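Handing you a structure now.
Going in written order, the chains are labelled A, B, C and D, and every chain counts its residues from 1.
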Amino acid sequence: MRRLAGTFFVVLFSFGVAQDTLNIGIITSFTGRFAEFGAQHRAGFEVALAEINANGGVQGRQVELVIEDDTSSQQTALAAAEKLLSRDVPIIMGAYSSSITNPLAQYFTRQEFPFLVFTSSADSITSPGSDWVFRINQPAATYAEILFDVFGILEATESLESIAVVHGNGTFENAVAAAAESLSEARGYELVEIQSYDQGLTDFRPILNRFKAKSPDIVFMVSYSADAVAIMRQVKETGLSAKVFVGAAAGFALPEFLEGAQEVAEYVITATAWTKDVNFEGAGELYAALMEARGKEPTYHAAQAYAGLLTVADALNRAESLDPETIQRALAETDLRTSYGPIRFTDFNGYRNQNPVKMVAEQVQDGAFVTVFTQEGVVNPILCPVPAWESR
Amino acid sequence: METAVALLQNISGGILIGGVYALVGTGLSLIFGVMRVINFAHGEFLAVGMYLALVGHAAFGLEPYLAMLLVAPLGFFVAFSIERLVLSRLVDSPEQSTLLATLGLALILSNALLLLFGAEPKTMYVSYATATVNLGRVTLSIPLLLAGFVATMIILALYLFLTKTEPGRAVRATAENRLGAELVGINTLAVHSVVFGLGSLIAMAAGFVLMPLLFAIPTVGAGFTLKAFVVTVLGGMGSISGAIGGGLVLGLAEVLGASYLSTGYRDAYGLIAFLAVLLLRPEGLFGRTIKRV
Amino acid sequence: MRSGIFLAGLFIAALFYPLIFPNLLSIAIYFLLLAGWATSWDILGGWAGQVSLGHAAFVGVGSYALAILAGRYGIAPWWGALAGMALSAALAWVWGLVTFRLRGPYFTLSTIAIAEILRLVAIEEAWLTQGAEGIFIFSLKSPFGFDLFDRQVEYYTALLYLAAVVGLVAWLARGKLGYQMRAVREDENSSQAAGIDPTRIKLIAFMLSGALTALGGAIYGVYLSYLEPHDIFFLPLSVQIALTAIIGGRGTPFGPLAGAFLLVVAAEVFRNAFAEANLLIYGVLIVLVVIFLPRGLIGSWQHRAVRRRYARSARG
Amino acid sequence: MHAALEAEGIVVQFGGLVAVNDITLSLDEGEIFGLIGPNGAGKTTLFNALTGYAPMRRGKVSLFGEDITQLPAFVRARLGIGRTFQIERPFEELTVLENVLIPAFLHRARRSDAERVAWDALEQAGIADRAHQPSADLNLARRRRLELAKALSLKPKVLFLDELMAGLNPPALAEMIGFVRTLTKSGLAVLMVEHIMKAVVELCDHVMVLASGERIAEGSPEQVTNDPKVIEAYLGDSDEPGDR
């Protein structure tokens, strides 16, 4: 309902002097089911905006953000996009959910207007993609890739042969699961089960009992946060043991997962886009700044919003004018180092204008996320095999 | 042998989940039986129960089962007032009016929760969340067993209330024949309010017992409303004992379907059973013949 | 008659809307589609009296038919829309045959169940729908050189759609079928005594309603240009469609239109004034309408107007 | 030459209860046939069986020699069976004219044609002056007339009147009796269930008495009212025959 109410509203952030400012358009979710992620984005934008304007703004002008709330609805996001186009912004960034960003990307491609994606992960946003859509964050398939890289490392000491996948049936979870399926085949794992579940499901026991009967070496889970907690609790309850438990989506990498699942979260390896421990300069400082802006534990979504805004400011600084083609060319030539990671847009593996930044893997150890694997390799020891539930 | 154990495991899982469904369905069935109102806000009361449990736990460190007893009067009062304010004005309106009013109430309740608690899922950590007990080689969840116990107690209490007490008899008289009840001096409007309060309170109780197992989001109710409909139609609308049977059948259908067919269609199994019963045996699987077509 | 002139005036004014508000087309398109869906819903829900909470399924069938046929086989969108309408009519026929034995709230419950099953099918049967991954509408044949993805073209398409649906319903309402539907709604036994086959009338109403909803769905699909089962086969969308018609006034040709206008405007006002609370206010609005205007906005007004007119003629 | 309506060995059962047991009757064009009996005698059930609203266990119904036993109510209506309901059921959201328009559409698809038929029926039933009144606002006598006008605009061949006279005051009753009499002039066959003995005596050519689903007497109104079995049946029930 909320998303259908057909509403949007403008939040104007103005920092510093508002004379001759440059507006940047943003669409994300402040209300509706994705509101929590919009709040994370807001923290990232605030930190980046302060940094940009403190460094003299863009082309000598102070930057202002025109932020539209899409109320977690496709229809409202499209209305917001149309409105932003009329507000004299040179570039637009958006949105949280892939189901919202997909139609937005289509729209801006048709309008031939530069659009920067910073959180949405569906492969389809940049594959096939278009000349006008740029993405700084990792596509869904890479969530699975990093975890399969971890399996490769672990195989030095453990024999991992079979894998069972459980995933939600949303766009993003589905894409990660599909990637896991093809990677299993490509890298020689036996996929013994792949089961999807509908949103709002609360009883995972039948699925987990099915897995138990097959005793897979790897249990591969793709879920949002609420489900992540319920799944791990029921994994313990059903006594499903495996050598490796991985959670390949947002749900397992959020602080809420640790709070809700507590001791059952232990040993779970998750894929995440960014942590404070990544090997990029300033990551620790960024974490602290985001923490302050959000007032609580920031997630990688905040860092993505931060890096997205920096990318836009960088491209605008290099562009001689504010017409769409010029900005598009400037974006295409981006080569930026940020505390989120390096940002450049290339075409590879069927992706277009996609930043090839790698994912990071972390493991829950003693009730906290520990970064264990980055593009540099193993950075902290990975605990494996996971002890059976009886012996914990 | 392994398959036999797995089957037993699945059947017991279905029965335990079914117990929770039965509890949710009982409240809806009670309301329908007496008021002839199809309450689309039923699941939202369950959500309210979840958040009440959450608040009790976070603010006072209360166990959800204990908190349930403490906030029950408050929950009853909320539902009672809603009936007084809205539904009691619609007693003589066409049934579609009450249906719409409850849809409106559902929107109001879930969005009030959204405003108060935000959109992100909330979980509650209790030490026994994953505790189990083994029966032979079958593993049973202790919170689910507790939920089943609470459900049994509540349904038993409701049964005793309806059959052994004077107000309970007034409720049954109203359900049988509202006009007749009026004639023997029963204030049927008051009975309606009380019944709506009780039925909604039962939904809230289901929210309490589910909280240690699940998570609360403001929109969690809609799915349970649908489940409650399925349960009551399977068991026979307005029949309390039917709701128990309906809950167990739904639990078994879902768990067995998900275990031996595809899990993606899990919700469909219940819905297909629901349609089949609605069309082939409209009085419910266990009910006596009542005409509803 | 007067209302006819009024509506023709509205239509002409609507023709100029894109010139006046060239940057507020998206919200207008959604208003037009919602009004069209609600009017289509009302054929079954208002005129024939069968409240459905499953109409999002027809939005889904219409939009998916267009997307699949255009994407895979390069079939022109108008044929895709037509196919979606035909498929929806067929779906409504089977759906009605199965569920019209049920009356009142039981029918309503069965529509929810069937629409939910269809949602799961759209998610699970990826060979057909591409499942949760979603389906894009990248390119479409251009009729007479019009770019269908242009918001202005979409606006006029949606306007034509709404005008056609409202016109059709207004015309039906005066004729045989309109009265037969009302007879079935009021009393199935009495309608049989008038020689009416209630099941047949309900089936016709359902098929018309489904097909017209699907046509709007096809336009919506082009507007979104990306479809995903969770957002299209969406129970709250079904509820929204039904509420729009009910708040406006069921069984009146222009009630759903008024309902859509009120809801879109109210949503706009509420989001500014109440932000996060907008849906809560929406719920309050529904409860108030049910209690104080049980026939909806236009319905209550019409109800009184008929009596006033009669009282005047009886005096005069 | 077939009778307008023939019923043979009609049996209606609800669960174990036999509501109508083995009733046979025949009705000619222009004839008025009365069906009387105490409350619960099965009159309305027999009515419903003949018009297609109650399922028959056994028996055969034919209309001008055509077997209509298996046909649903609306087909019987199309073939020429018009009826009124004991509890009159106007389409309350509609005006009087619109109510009558609905059956009038049966044989006339165009609205202007149907309206002509409807106006004729309204004139005939004597409520044309109320045509534009919302039907929910009519008083009892006018509701009865509306019921009649609805049945007439079907252009029926056999008309079933279910307690059309009940509750009418004396002037309205006299008017209604006169009106029903005129109907048969054009050859319409009328079957009426009636409690008002004045109407039965004045109108009916032939009367059948039912009690507990059984036929207990049959004949002219005079014969029947003097039949001791009939008197006993009515005395056994508190519901006495006679003007009420």
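Things to note:
Assume a contact is a pair of C-beta atoms (placed from the backbone, for glycine too) under 8 Å apart; a residue touches a chain by one contact, two chains touch by 3 or more.
Only a predicted model underlies this, so the values are computations on that prediction, with no experimental measurement involved.
The set of chains in contact with chain B as well as chain D comprises C. Among the remaining chains, D is positioned farthest from chain B, on the basis of C-alpha centroids.
Chain-level centrality, scored on Cα centres against the all-protein Cα centre, points to C. Taking each chain's centre as the mean of its C-alpha atoms, chain A lies 37 Å from chain B. Averaging Cα coordinates per chain places chain C and chain D 42 Å apart.
Chain centres here are Cα averages; for chain B and chain C they lie 32 Å apart.
Centre-to-centre separation of chain A and chain D, using mean CA positions: 75 Å. Residue numbers of chain C whose C-beta contacts span two or more other chains: 120, 123-124, 239, 276, 279, 282. Within chain A, the positions touching two or more other chains are listed as 1-2, 31, 169, 196, 198. You'll find the chains touch as A-B, A-C, B-C, C-D.
If you check the complex, the residues on chain A that touch chain B are 1-2, 31-36, 169, 195-198, 200-203, 205-207, 209-210, 213, 224-226, 229-230, 233-234, 236-239, 256, 259-262, 264.
In the complex of the two chains, the chain C residues touching chain D come out as 174-176, 179-180, 182-183, 186-187, 189-198, 251, 306-307, 309-310, 313-314. By the touch criterion stated above, chain A contacts chain C in their complex at residues 1-9, 31, 71, 74-75, 78-79, 81-83, 85-86, 99, 102-103, 106-107, 110, 122, 124, 169-171, 173-175, 178, 196, 198-199. Of all residues in chain B, only 38, 86, 89-90, 93, 95-97, 99-101, 103-108, 111-112, 114-115, 222, 226, 229-230, 233, 262, 264-265, 267-268, 271-272, 274-275, 278-279, 282, 292-293 touch chain C in the complex they form. The part of chain D that touches chain C in the complex is made up of residues 51-53, 72-75, 77-78, 82-83, 85, 89, 91-95, 98, 101-103, 105-106, 109, 111, 114, 132-134, 137, 150-151, 154.
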